[in-house]
Amino acid sequence: MADHDETPFDGDGDKLREECGVFGIFGRQDAAAITTLGLHALQHRGQEAAGIVSFDGKQFHVERHIGQIGDTFTKQSVLDRLDGSRAIGHTRYSTTGGSGLRNVQPLFAELSEGGFAVAHNGNITNAMIIQRDLQKKGAILTSTSDTETILHLVAFSQEKDIVSRFTDALRQLQGAYSLVALSSKKLIGCRDPLGIRPLVLGDLDGSYIFASETCALDIIGARFVRDVKPGELIVITDSGLKSHFPFEKSPSRFCIFEYVYFARPDSTVEGGNVYEIRKRIGLELAAESPVDADMVVPVPDSGTPAAIGFAQGANLPFELGIIRNHYVGRTFIQPTDSIRHMGVKLKHNANRRTIEGKRIVLVDDSIVRGTTSQKIVQLVREAGAAEVHMRVASPPTRSSCFYGVDTPETGKLLASRMSVEEMAEFLRVDSLEFISIGGLYRATGETERNDEKPQFCDACFTCDYPTTLADRDGTDKVRTLSLLAANS
Amino acid sequence: MADHDETPFDGDGDKLREECGVFGIFGRQDAAAITTLGLHALQHRGQEAAGIVSFDGKQFHVERHIGQIGDTFTKQSVLDRLDGSRAIGHTRYSTTGGSGLRNVQPLFAELSEGGFAVAHNGNITNAMIIQRDLQKKGAILTSTSDTETILHLVAFSQEKDIVSRFTDALRQLQGAYSLVALSSKKLIGCRDPLGIRPLVLGDLDGSYIFASETCALDIIGARFVRDVKPGELIVITDSGLKSHFPFEKSPSRFCIFEYVYFARPDSTVEGGNVYEIRKRIGLELAAESPVDADMVVPVPDSGTPAAIGFAQGANLPFELGIIRNHYVGRTFIQPTDSIRHMGVKLKHNANRRTIEGKRIVLVDDSIVRGTTSQKIVQLVREAGAAEVHMRVASPPTRSSCFYGVDTPETGKLLASRMSVEEMAEFLRVDSLEFISIGGLYRATGETERNDEKPQFCDACFTCDYPTTLADRDGTDKVRTLSLLAANS
Amino acid sequence: MADHDETPFDGDGDKLREECGVFGIFGRQDAAAITTLGLHALQHRGQEAAGIVSFDGKQFHVERHIGQIGDTFTKQSVLDRLDGSRAIGHTRYSTTGGSGLRNVQPLFAELSEGGFAVAHNGNITNAMIIQRDLQKKGAILTSTSDTETILHLVAFSQEKDIVSRFTDALRQLQGAYSLVALSSKKLIGCRDPLGIRPLVLGDLDGSYIFASETCALDIIGARFVRDVKPGELIVITDSGLKSHFPFEKSPSRFCIFEYVYFARPDSTVEGGNVYEIRKRIGLELAAESPVDADMVVPVPDSGTPAAIGFAQGANLPFELGIIRNHYVGRTFIQPTDSIRHMGVKLKHNANRRTIEGKRIVLVDDSIVRGTTSQKIVQLVREAGAAEVHMRVASPPTRSSCFYGVDTPETGKLLASRMSVEEMAEFLRVDSLEFISIGGLYRATGETERNDEKPQFCDACFTCDYPTTLADRDGTDKVRTLSLLAANS
Amino acid sequence: MADHDETPFDGDGDKLREECGVFGIFGRQDAAAITTLGLHALQHRGQEAAGIVSFDGKQFHVERHIGQIGDTFTKQSVLDRLDGSRAIGHTRYSTTGGSGLRNVQPLFAELSEGGFAVAHNGNITNAMIIQRDLQKKGAILTSTSDTETILHLVAFSQEKDIVSRFTDALRQLQGAYSLVALSSKKLIGCRDPLGIRPLVLGDLDGSYIFASETCALDIIGARFVRDVKPGELIVITDSGLKSHFPFEKSPSRFCIFEYVYFARPDSTVEGGNVYEIRKRIGLELAAESPVDADMVVPVPDSGTPAAIGFAQGANLPFELGIIRNHYVGRTFIQPTDSIRHMGVKLKHNANRRTIEGKRIVLVDDSIVRGTTSQKIVQLVREAGAAEVHMRVASPPTRSSCFYGVDTPETGKLLASRMSVEEMAEFLRVDSLEFISIGGLYRATGETERNDEKPQFCDACFTCDYPTTLADRDGTDKVRTLSLLAANS
């Protein structure tokens, strides 16, 4: 997140960030081009880098590039190098440090029985402990990536066939993972026992597909078959699909924030349509925290579905009082003092003619550090709003996520250090209300949160982590690497 | 437009395109950084290339770059080279052919009395005739740019001071131009006698600003002073502002398409707020062409304001039934046949859960070639819509624009070769209605179109061009250049 | 030269530098590829940038690139864009300032009768005076290039056909120029009345070629026809060759430094073979300034031919006592103090085993600022040489060149501020001798220098400039441009 | 070598190629800058890519770049990232396939006791056998590099300290290696038991240096201490130097081709000065194979020292009858048929005025495939030479090298398929003679070759390989990798 703090105008630094999207297809001409399209639809899950591994029946081909799919993987020369009818791909949010392309997935290893590539969405919470053990056995780690850890566990496994070795490796992991893997004979998709991250199974004219969300099926006209189940490992070969459940059965704990913000509104994951759930959150919120106002204004674009729901529930006009500039450069000006004082509005602008003199209900999906919300409120006030009432489509975000989401440290989360009243004052709003945790569960279709056995992972709101956090519990919190930076 | 035809998935090829945005500031530290911010807010007026010229009291500095402002002008090194407290900037839609940076504005000339830079939004309709004349006099033209023509007219003028020479040049021009120019002593802003393209005057703590739209004032917190008037030439010097009206007075003919599509919704130009006018078009349209339906769905993002208006007018729910992917790469895959048949949905996806079984009113801002609309309708049908009624927030687009807008040839405009009924059939909608020209005028605040002296330029709908089109009327329609392409 | 001063290890900063090489071919398939090869052979005349203009019968094509020919013009895509059977090319030493590609030749202008491209080797000594006049007439100058001046003179000429207009322009010029120009019908080659810079005519299976030196004919197996004569203008068309002498006849003053250093040893220009003349300089020098020594060591590579001659004349062994590293990077380390004190030997190294205890005759082609010679002498001394006697294959370089050679200001030339004795002390050699001006003329085949009417331009040794130097004689020595730098 | 076959004009494809140079320094400010200079002096040992690893007392820093040192490592930003007073570097000839930077050395591994970097000159002849074994143990190989094999052997070693682990690894290797390695406490330099590749020890004001050749000491003014001995492993720590001999003693077999071509003429390795030995080869050759001729002409630059020796021995004039163009681009034109027939002379040109009508002794260092020699002879003949007598400063090259030299397959070596008479006819020379193997040994200072225990490795001339060639003797000659190419 640190690198986003450095872009002072960039409101997006104030969002939780899904770190990855994955995709895989087996047995279809132009597998890499189709994977490129799938990753393009998953771009919101990770915009900084992407990779594709294809297999042509004899050899694997790897391409990894920094930048957005639509810029880096759409050149014919790149696709031409990715020959084959099987491919997996990965898009990621951030390549930390100077490590450049080394951490871009899919990762590939030459095992004694052939090549093996893996792409990972999630985060292993005991990776550092495993890494220390691997190193003692003679493994040469080239990165701190928890995905590389999985590869080494597979390489060291004494099992014979690749599925057994992979399963052997997975059993040593704690945390969240939706994985897509490719060997010379098999395409594998699997989710951790709790099913924290999404993974769906699709079908394109008889070719199986794995993807993080259904929107990656829609873009290519593939049919949604079903969600991969928590703890399920599906193996695709020339003979078709085979399902395994290698782990002890445990109740599902799907990440509820996927519904709040991460997933695309047109996706349907774990049975719920994202847009419809978000709109219902707005409806619940209007019922829980009504307000006398002239119009409902979304913080675009993430607040829009909940704002539509709120407006419908509250029977208020829905108005685009804030306009978002979709052109956002990679770098942005290091502002001089004189510019800093101008309060530059790079990303959002209020529409004075619409807002002036009006009582506004401002709807956003979440409040993380609060810096963006503060700016948005100021924007609306400067444009002449008479009153500003903020309604938030998720409960207060209080704790960090360790399951593959880029969260600020707990101390930087506004809700971890302020009460709702203090937050209202900090944001300078006339009123501030968050959806209740119960309201959020109701919007997903549950009747209420089962506090004994919560139906979702909602640790960022409740601190109720569904797995152990071995690496965090140890004394040496961060494994120190001898290598500072490798520019290569 | 040809280059867009080549990207088969890119729906944006099916829009009219404003070709330029301009910005200028006089007497303010960090003038180039402020110009960068202003151009960033005007990015929707031209995304392919941009340039800035600054003056530091002694020398001019020029930077021109292909790409979006936020990527190219935000590096500290670039801004550091643009020293000075006066600057003008330009963002443009397209750099045609292989000419690379040569056509990127502002253009600069070393005149005998010092440097002179000019940035242009619009199009000169007698540029080729003037160019032929200039060449005979000994001028060396380095491009086909009509803006270079203006510079040469200034250079050849026999007048003494720069304002007189500039005025002398302008008087020879026909067509549309909003210009911002910079000499070693003066910042000049002016609009053609009909005021076809917008230009506003702003003020930032005492420093004057020219910008194409008010959103470029908002981003830096500058105050909107007033529109530059049609035929007005404003000169800013250390002694302040001086207004000139060098042309014979004629009634204003502001481009009505700026309200329909070009300008940003949060801008206010020529007295009208763009979002509010677009919403009123939706209201008028709901009144003119009502329909029995379940929901109103905008074609995002350009159809959204009119769709909100329509939903309010028709008292129907407003729903995001189509989701737009904002990540759009520069290049995109040359699809193989197998991919082409998949009907890839790169930019828009329908949300089946919202749409299935519903009667939909689809609202878009305009129909140009119809290819995108056709795809969108198909998308909505495939997602299970029971009925699709299309409502368009502008009259049928029938004729090309010669005033700085990139339009397909007339023959490629759907409305030029089909009746509304044929278009409905072509698009496969259950009903299709366009706002009437009268309705459009009413939405802008007029009571009706004055057919004798129309209040706007609406030639793209009516073929009623407000100026002569000298270059087009001649026999040699396109001036042939000896130089095909210069990669330099 | 300033930019070379900044590379502290770069001995090459201590050489006079020819600024350009030119090439042209008419009526041969692959004209651009052949021009690329010709320019590659002329790379020693200018290594920083190059350009080619081709004509395909309908249109001109231009490519200009920073960098060496072998890196920039050898890509198939570049050559493919340079279609046509006629082409001219230019390679240049330095692109001064931040002006980037704007000054890279050939320059091209769209005249009223069609395109016209010109490539120039030399320097116009009244260009600034002409430029001021052109500007008053309305010309827009885009650079300070004297070659652009020629183009504007052609554009303003009242003559009818291109040859007359070109001749009209040339008659206004003073200074040195070997020019190759291309119109839609004609390839033109010409030299100034004094023939200061070389230009040869070649023939490749019936296609005429112009080139700065014969080595550019050899590389493609073309036949040397003859030198273009001083003051001659040769026009090649489909009907063949036509020779013109548009200037008043004057005796030739070919640059004698072409023989000393600029031209490639395997070239034959103005009747003299460069290697043979350099070897004869060594023979003359051995006769003029003999020395009792053990071996002759060249300063590689420019001193080698004269050293071979000296060794033959003095009957001493010729030995490679100094080894040159041909890998020289573009940039080199900004040395820290600790590195500066190490006396790094980036380019030359002495071979201790060969030199130790020996009396050395060190032969170099010229001494400009003396800094390289000083380092070389120190190198040889540190390697244990018993005595170091320096012999220089040109007279002391005392004055700047204004005819297309990059010379340090007169004050920086070692010979302009020291006697030979002082120079010997400065260089710390046991003896130092230069060839006499008479000896140099004898080596070229003359019996002596005709002091009334010198047979060569030798102004750098004698201050005897063969033309007026109008720009230098005026009060305003450097024309000031408003534009500091244009990055585009 | 294959990639050179593709550049049809590039004579250098017809040379054996040393594949690497190594450098290391311990305990000196600006260690990376000094390593850069050292590698620059070793550039002739590998021009395609280079890497440096430095250690700053806490962390390692790695930079690897494709391209020449002087272009890639001389930027201040690159050096700034390579902090620390200890560094090792590597320059390599070729990065095979599409593997890009992955194979660029030094390689680095995070071992359980800290970082470890290694740079390698030579070739391990049982690497593939070891790799197969490592893979079975669970090692993940990221390349086919034999240097990576060494790192894995160190990682799997059960020894405690790094020197023991490194020694443990080396004892499993067969083949040729001069290695420089860096751990957090130690700089290590070592040579294989036969000392096939060179490695010298130097001293810069008390800081120890390892380098492939003495020219890398000269460039920075470091003192030559001694050669690292065959089978010696030298460890440098803060406490100074410690020498180990971990292998069974065996007689030295230094590569004699280092004297013939690989090493720089100003280097002194294994006691012999390269220039002096090359000149003595020329003297021996003149004695062995005299010829009645007018002049001796070297094939520049590699034939020059032997040509000087031949001219002295034969008492004939030494003349630069062939001129080499030192500007050689990375890519070069794919010639069309019309160009191919021109017989383009990209790299060498004959000087007709010097050669015409003369009987020439042409001296080159070696004949590999013969294609370049054939072109050179044709060049000289076309320039009018009356007779061409070729003298070669090495015996016929008959067998491939497996010790770190890039050789064509045996079948492509001219001497492997032709007698000397046939070669003379193929090259179209009037006579052709090679130095005898005895003459070559005499030139190095030996009285003769000891056929029982040869003093050098001369396998390329004699097929007498000094080690087993385990990988080549096996049936599976080339280990197949699943991964074809990774663009990352």
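The letters A, B, C and D name the chains in turn, as written, and every chain counts its residues from 1.
Basically, a residue touches a chain if its C-beta (ideal position, glycine included) is under 8 Å from a C-beta of that chain, and two chains touch if they have at least 3 such contacts.
Since the model is a prediction, treat every value here as computed from it, not as a measurement.
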Shortest path length from chain A to chain C (each step joins two touching chains): 2
Common touching chains of chain D and chain C: none
Computed distance of Cα centres, chain B from chain A, in Å: 36
Distance from chain D to chain A - Cα centre to Cα centre, in angstrom: 50
Inter-centroid spacing, chain D versus chain B (mean Cα positions, whole Å): 62
Sequence positions of chain B contacting 2 or more other chains: none
Touching pairs among all chains present in the structure: A-B, A-D, B-C, C-D
Touch list for chain D against partner chain A, complex: 51, 59-65, 78, 81, 98, 101-102, 104, 108-112, 114-115, 132, 135-142, 151-152, 155-156, 184, 481-488
Residues on chain D engaged by chain C in the complex (per definition of touch): 29-30, 33-34, 36-37, 40-41, 43-44, 47, 68-72, 74-76, 79, 204, 215, 218-221, 264-266, 268, 273, 275-276, 301, 304-305, 308, 312, 317-320, 323, 325-336, 338-339, 342-346, 349-354
